[in-house]
């Protein structure tokens, strides 16, 4: 649901990706990636945004929770962005420095994206690799389970979970991650099926290495390429999902915030004379997503030269 | 083919069962009940209400009764929140609305998305291509809860062209903004998928042959390239469908369309167990049905696939 | 199946005819004020959420009650100032002991199907509310009103006939209550006490309230109800006072997003909508004729957990300090900015006859308060080396959040108190609060009737709504005394004094209704504190 399944299918069908990738193959990929100007530019942009998110706080004149009581609520329209006041991005509707909040919101959004994608690919890879490695009945049961889970409207379940267990960033990570491990499991299984007949795996089996060890030591490392591509493609979807959750009012607890929550408040005040409250967070949101899309596409094309 | 359909439908049963169990478990774990309010009514009143809705039964019994009533009578029980309505009433009222604007959003997303994608691929690396790619990525990343108020301010307040919300039985004026808000990001995804698969197809051997034979480009595209290029779009339709149902929440909030998205979120917040269950099951069943349909369509278009 | 049903053709034709007349006339004027009337008498307003029910005996929210008041009519109505005026009853007599009320019903009151409204319809209605089978959430209201045996009947311990309501003849109704309650007649305006049409309810079961099936006795009949979208009611030709009803049609549009609603109001689609928090100053600048703020009888406050909260909050100095450090003026002027009033006492300032006692904290400047707060907190042993850490829970809402954020910052900036905010969704929140699993909690209370005890009862140890479990025998004793006192106001003032000295709660502000209303909408009861409004009293004036 988050990464279009066409991409997922394509990844699943790319047998050479799972081949033992020697140095040269990685090098080729790197060369191909760096030839893609959009992807390289996006990578630079992403690094800048990450720098902004993790170190922007040092440049802020205020922290993200201190309220300027003269610039809040009905007076928020006076909190225009200005270098003189130190509110580079203005203030939010509660009178807090929008720069500091955007920094912190970008950080949360990036974290949700990265950790969420991490959860999804880790769970998905292990699950898929296990199913693919054991094959037969186990594979059948495990993959039928995936089929069953795929038909569950997880967004609804996630909303229920957040409503019921209260909002917390941990719940968000887990919830969003769990929504999207299913595709990863399918991809990993497909790749494992081709890998498992390779000599080095057969050698390991012959010397009596335990199955779990084979999966962890020999199969999973060879899935890294595809995992990285898929994870990069997943991240923007995760960030969008988080923003939707924030729109429903189920995002992180104040005073922490996320880009989604900032955008939502900004959109509420669209006609209230404080448009910068929408523009700044929206700019970072859109730029981040743009960059992830291009980097993801670049990585995919670099590792899977079918397109060229 | 038939056995494939039957097999898929057979999987649907455990799926829905899992869904019911998960939702039931979540709801019983929830603090607070459907009838808690700022002024909790006296215990006697609560007892009456619980007895009326069967909430005084043990959990397993409630669940078994619930499933039995659906299987036997297709009865999803009464709504807890809307005292005068049953869940079936709620769904029958909200679902056609969601389905109507959802369908048109789907059509718009596919038609516009595919056209944009094909155009971008055919004119690869021209300004048209860049424009299309720019538009689609922009459309994909703009959250629809930002798009909603922008549309509302533009078309209702400033231009005064469209009514700002409501459904009115589905007159077109009331559907324009919901459709734009809902379809935009899917349109963008479809355009991107179409573009890349079209590029791939255009570089394939049989198209080169066709070009070499001097067939007109238009004919190559529509006769030969389009069909295989649309396969990835087809497999995207399943997830897009689910996403649209979720996205309908935003549409319902901003345009007061009264679809099931709003009912769902409202019910989740109000602990209206029976409505939550009803809608979750409905959406689950539709997802299964829809992905089956997509697979069949896939098989029909791509003769290589046999089930 | 569709819930959209249209009026019977006959009524529709009558409506068209009427509208035609008004148009032909062109210069229709209001009989009392002489204001020129608009040719189209249609009122459209926004409600923020769908109606859980508008069935009078099941109604549980303010908006649903407003619809029920249009569709049905009780014994008495409110006028624009909140005084009782005759409804179906022309008047009532009270027995000397104050326990028996005898209402005389008018003989020309009719149901929308032509049946006469009789005393037994009221008996049926009130019994229906108490009946355990109806399982009405508002059955407790009969207990508040004091109807004899209401609690036992609802609990199923007594038969319905034991309820203190009796039809003496077709037009005489006798209500018996358990103790003298001076506010009792007021409760007759509440939908729970409205009549019900037994024949149609029994014939139609669950569908009895659907358009086309509903039989009602109010000034309007339901013509259309599309859940989550709209509810429309039109003039009831059978209403006894139909000739004085001016509005032809009233529509409630269900619009969840308040900003979307405001946009639609500005686009002319609505005659009335709520103003989002903080936007009143701007809107009243731009639309001085349309932005309204008037008192709404609710109080906003924070609860201390007096039983299982942290040790620190059991110390009156800490509670005082937290209360003092809340700059109410910032909350009402900046955060809400809609004409709300800073509160230092619990009872809403606009309650008739209520005079706010002189409370020390109310007379100080904020600097003085902050200084005193810091001193008190230091005295209690909290400071930079031993900072106070507390958790504040509130239910999900933009304005509750804004207030919580502001107050937590006030505490931090003046007292160095670290506050953790916990935003909980409504049902969870109530559960947490009801079980005292919190340190501090947001709370709001609205008056059931216009008298201070509707608030102050919450400070007594016996109240089931006392979620802070504040317990002071002195307050309990004063409250008990006030129930039978001829002049309870000084007692109420004393209670407020004690509550303030002990910092039982942190009163924050008294609500106001902050609305945009079309300048052609006339006669809105701004002075009715409980906002019991009746569409039959409203009208649309001709635009200039």
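By written order: A, B and C. Residues from 1 in each chain.
As a working rule, contacts are C-beta pairs under 8 Å (C-beta built on N, C-alpha and C of every residue); 3 or more make two chains touch, one makes a residue touch a chain.
This one's a predicted model, so the numbers in the text were calculated from it and none came from an experiment.
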item: Chain centroid nearest the full-protein CA centroid; value: B
item: A-B or A-C, whichever has more C-beta pairs in contact; value: A-B
item: Furthest chain, CA centroid comparison against chain B; value: C
item: Whole-Å gap separating chain B and chain C, where each centre is the average of the chain's CA atoms; value: 38
item: Whole-Å separation of chain centres (CA-atom averages), chain A against chain B; value: 22
item: Where chain A and chain C are represented by their mean Cα positions, the distance between them in whole Å; value: 46
item: Interface hub residues of chain C, defined as touching at least two other chains; value: 259, 263, 396, 425, 428
item: Where chain B touches two or more other chains at once, by residue number; value: 30-31, 148-149, 153, 157, 269
item: Residues of chain A touching at least two other chains; value: 163-164, 268, 270-271
item: Parts of chain C lying in touch with chain A, wherever the complex brings them together; value: 259, 262-263, 276-282, 327, 330, 333-337, 396, 398, 401-402, 404-406, 408-409, 413, 421-425, 428
item: Complex contacts: residues of chain A adjacent to chain C; value: 65-67, 69, 72-77, 93-96, 163-164, 166-167, 249-250, 253-255, 265, 268-273
item: Of all residues in chain A, those that touch chain B in their complex; value: 1, 4-7, 9-10, 144, 147-153, 155-157, 159-161, 163-165, 236, 240, 243-244, 247-248, 260, 263-264, 267-268, 270-271, 278, 282, 285-286, 289-290, 293, 306-307
item: Contacting residues of chain B [partner chain A, same complex]; value: 11-12, 14-15, 18-19, 22-23, 26-27, 29-31, 137-138, 140-143, 145-146, 148-150, 153, 157, 189, 193, 196-197, 199-200, 232-233, 235-236, 238-239, 242-243, 245-246, 249-250, 264-265, 268-269, 276, 279-280, 283-284, 287-288, 291
item: Chain C residues within the chain B interface of the complex; value: 1-4, 49-50, 52-53, 55, 58, 60, 132-133, 135-140, 143, 151, 154-156, 206-207, 209-210, 226-230, 253-257, 259-260, 263-264, 266-267, 269, 396, 425-432, 434, 444-445, 464-465
